[in-house]
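Right, one structure below, let's go through it.
The first chain written gets the first letter, and so on, giving A, B and C; residue counts start at 1 in each chain.
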Amino acid sequence: MKFTAEQIATLLGGIVEGEGNLEVSRLAKIEQGVPGAISFLANPKYIPYIYETDSSVVLVNKDFIPDKPIKATLIRVEDAYTSFTKLLEMAEGLLANRTGQEDPNFIHPSAEIGENTYIGAFVYIGEQAKIGKGAKIYPFTYIDSGVEIGEDSILKAGVKVLRNCIIGNRCILHAGVVIGSDGFGFAPQKDGQLKKIPQTGIVRLEDEVEIGANTCIDRATLGETLLKQGAKIDNLVQIAHNVEIGQHTAIASQTGISGSTKIGKYCLVGGQVGFVGHLSIADRTQIGGQSGISKNVESEGLILRGSPAQPIREQLRTEALLKQLEAMYARIQELEKKVANLSSQ
Amino acid sequence: MKFTAEQIATLLGGIVEGEGNLEVSRLAKIEQGVPGAISFLANPKYIPYIYETDSSVVLVNKDFIPDKPIKATLIRVEDAYTSFTKLLEMAEGLLANRTGQEDPNFIHPSAEIGENTYIGAFVYIGEQAKIGKGAKIYPFTYIDSGVEIGEDSILKAGVKVLRNCIIGNRCILHAGVVIGSDGFGFAPQKDGQLKKIPQTGIVRLEDEVEIGANTCIDRATLGETLLKQGAKIDNLVQIAHNVEIGQHTAIASQTGISGSTKIGKYCLVGGQVGFVGHLSIADRTQIGGQSGISKNVESEGLILRGSPAQPIREQLRTEALLKQLEAMYARIQELEKKVANLSSQ
Amino acid sequence: MKFTAEQIATLLGGIVEGEGNLEVSRLAKIEQGVPGAISFLANPKYIPYIYETDSSVVLVNKDFIPDKPIKATLIRVEDAYTSFTKLLEMAEGLLANRTGQEDPNFIHPSAEIGENTYIGAFVYIGEQAKIGKGAKIYPFTYIDSGVEIGEDSILKAGVKVLRNCIIGNRCILHAGVVIGSDGFGFAPQKDGQLKKIPQTGIVRLEDEVEIGANTCIDRATLGETLLKQGAKIDNLVQIAHNVEIGQHTAIASQTGISGSTKIGKYCLVGGQVGFVGHLSIADRTQIGGQSGISKNVESEGLILRGSPAQPIREQLRTEALLKQLEAMYARIQELEKKVANLSSQ
């Protein structure tokens, strides 16, 4: 799809400076510009690139004053960064606009498929599953019996949503996500064998939840594993049975949350963090990457780091002192010599 | 599927107190009860909920004495928790009872499919693969040439079992599991390039092994990567080439085991643990989450934690002392002052 | 496929000692030999096995002198290990030799499929995607619109390559890999909600890149996430948006690299390592497993370990001193007593 500089300026409420009928078909960073692309200049650090870029069109702030000639056509806007973000969003919108059904498919006759949905080829929709209107189900997605997918939710290629799990409206599940696998629960028998404890609960995702590629969320033993509205989870995260994640909490890649732990709302959790089970983490907690959380966090808004984690200031002091460990050791030896000398005097 | 309180009481050998013909169709926690659900009361901590629950039926111990009126119908049984677990298992059994074949499928003419199997839609079964009787192969599962799947094993959606790998009887492979990907083996060349070392061994899972969602088990360079009877592996675990896991060992999520390491039987390994390669870990070893194991563990039954790991008592002492580090630093400074004073006297 | 000892000797330029027409159909370790298998003896440690092995044929170095009778047929070659590796490679080559198309498939009419490709059953190839000649696309692979797959590249079962991403020549993507999922980018709003930042860049893999099972590589926000020639990535690794990995760098399992970090060439990164974002790591850096990298690495060839990481020597000293912490604590107490005594004299 191509647009002229003039068309884009109209969309963004900007003013063209240069050739208004120049066409662009892609977005590019100003330092990686190519003919046919549109870029933007917001950060003054990147000003030198505007004189060299091969991009056909560049968005600039309305008060930008060049001090050399510029090859590209400019579009002057109130705020170049915000305008560029709008273009990104429009591009996404155009791309996401798939509808209709592709073949072959397996759709159980009892399944309900809403209007304006996209059902890709190689999609499996089981007994009494419900797909809300406007939802987009990409190829190789497995929607088990009794599952509900909310309106306008997007399930990318190879997502699996298992029996009876519920996905809210406007959720995004990235490729390879597994929702509703069995929790890891075994009862050790007297002979040391591990007997499987049936996992018969579900996973529920409220609205606007986003789940990263190949992340796994286990169903509850009983009841629900629950991700509340607006929670955002990165790739390769493990969320165990009966976990609860609060509204608008973001969790980075490769973090693991053990069974029944409850994380509050507006929390920010770094990558590769581990939580033991049955914890309660207060709202607005921030946790640094690779931390190990083994105790409840009761006060709101703490910043934690380390394994075992402690408040960031204490952790930074511990890390600094660890670098002093050798010096401390030497100072103890020195003291021992001096004290021995003093004692023998 | 619906059951009356009377039918359930008969199944469990219990006695109904209230309406025997009340129907229930789902299981729920007592504190999350809804009409049409059956719950249980075992832990005295939950007694207050029985007077408020919306569940239609509640299993209670036979000697339970309410001190207020209860809305729900009760079923009195010997042990409410055990009875509820039986119901869970029966529910699982009913759900797992799929048989027959769905279309479309790709089954190589030379493949052997046992009786009473379930072969979902979009299943690929390659040349000379064998599927044991009673096995359930869910949609989007890839069974490569020469693979053998044992009797009554369950492969959930999107499992991939690659060339010649062998899965025992009554195994469960959760969604997205990869069995038999290439081991990570490269020979550095003189010019710094990394030349792939062919990985031509297999993965063998003995009976009753369970593998969590999106876990990866690499084939041996030569020979076998081996998981022995009853081993239970959680989600997103990495098991490298030529690893061996002993009987009834359980390994929690996101743990990684490097090449050729052998873990004994009846071990319990926490989440996010890392093992370097070529280790030997004794039977009944227990390892805390996020530990790093870089040495053999020769004595049986040790409990280890930390990275690098040490016996748990020593590790807890180290962790406690780390919190004293600042105080120790201050005490050394204080000592130095005093000793300087003493020396100058 | 079966070969006689004589045929193999001819292939390897070796000399048969024993029955030349003995047939073998598989490779095995000498200590796990079975009839019909060929093994090798290179490491003198394994000499005792040659007198007991059940393998039908064993490759030995030409100067090997047995001191007992050997049941197996021998093939004497210049270097038994190298010859065995050649056999492994030939076996791999034979196995990898699939061509043609299997049904059913979804191939968009505008897609371009090169010659001598293998397109498995249940493959999805989107609009204007290009598959280079000799490429092998296994079942359940999703190739989105605009994607390019280079010549002779292999995509194992269940790989997903999303919109516009580019895979070079002779790459190997193992089962379940996700290329081009959205980067984890959100702009916190005033009310605490997290607004998705569109991710419109791509992922580019140069030639001879290998990616392990279930690894995820996110597309750039803008521009490219780039893996340069010969980079080798293990299973379950997370590579975030706009990351760059240099030529011939190897990264072990479960490592996570945060957004915009650039790793140099010829680096070796252990398993479960975490990198924060926006770092620059010099060429030939080696990083131990479970390390945490939070600062740029500017000098080439450093060996780092620990979280936070430091040069290996310092880290080993820190680890050794941590084991002395209790003794240090006791020595401080002892010193305090002595100094108190001295002061009171």
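Definition applied: a contact is a pair of C-beta atoms (placed from the backbone, for glycine too) under 8 Å apart; a residue touches a chain by one contact, two chains touch by 3 or more.
From a predicted model like this one, the values you see are computed outputs, not experimental measurements.
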{"item": "Arrangement of touching chains [line / ring / star / complete / other]", "value": "complete"}
{"item": "Proportion of interface numbers common to chain B and chain C (over half same, under half different)", "value": "different"}
{"item": "Intercentroid distance (Cα basis), chain C paired with chain B, Å", "value": "25"}
{"item": "Chain A residues counted as touching two or more neighbouring chains", "value": "104, 122, 140, 158, 176, 214, 236, 254, 272, 307, 322, 328, 332, 335, 339, 342"}
{"item": "Interfacial residue positions of chain B with respect to chain C in the complex", "value": "104, 106, 122, 124, 140, 142, 144, 158, 160, 162-163, 176, 178, 181-182, 184, 186, 192-194, 196-198, 200, 214, 216, 218, 222-223, 236, 238, 240, 254, 256, 258, 272, 274, 276, 292, 307-308, 310, 314, 317-318, 321-322, 324, 328, 331-332, 335, 338-339, 342"}
{"item": "Of chain A, residues touching chain C in the complex", "value": "27-29, 32, 85, 88-89, 91-92, 95, 102-104, 120-122, 138-140, 156-158, 172, 174-176, 210, 212-214, 230, 232, 234-236, 248, 250, 252-254, 265-266, 271-272, 289-290, 307, 319, 322-323, 325-326, 328-329, 332, 335-336, 339, 342-343"}
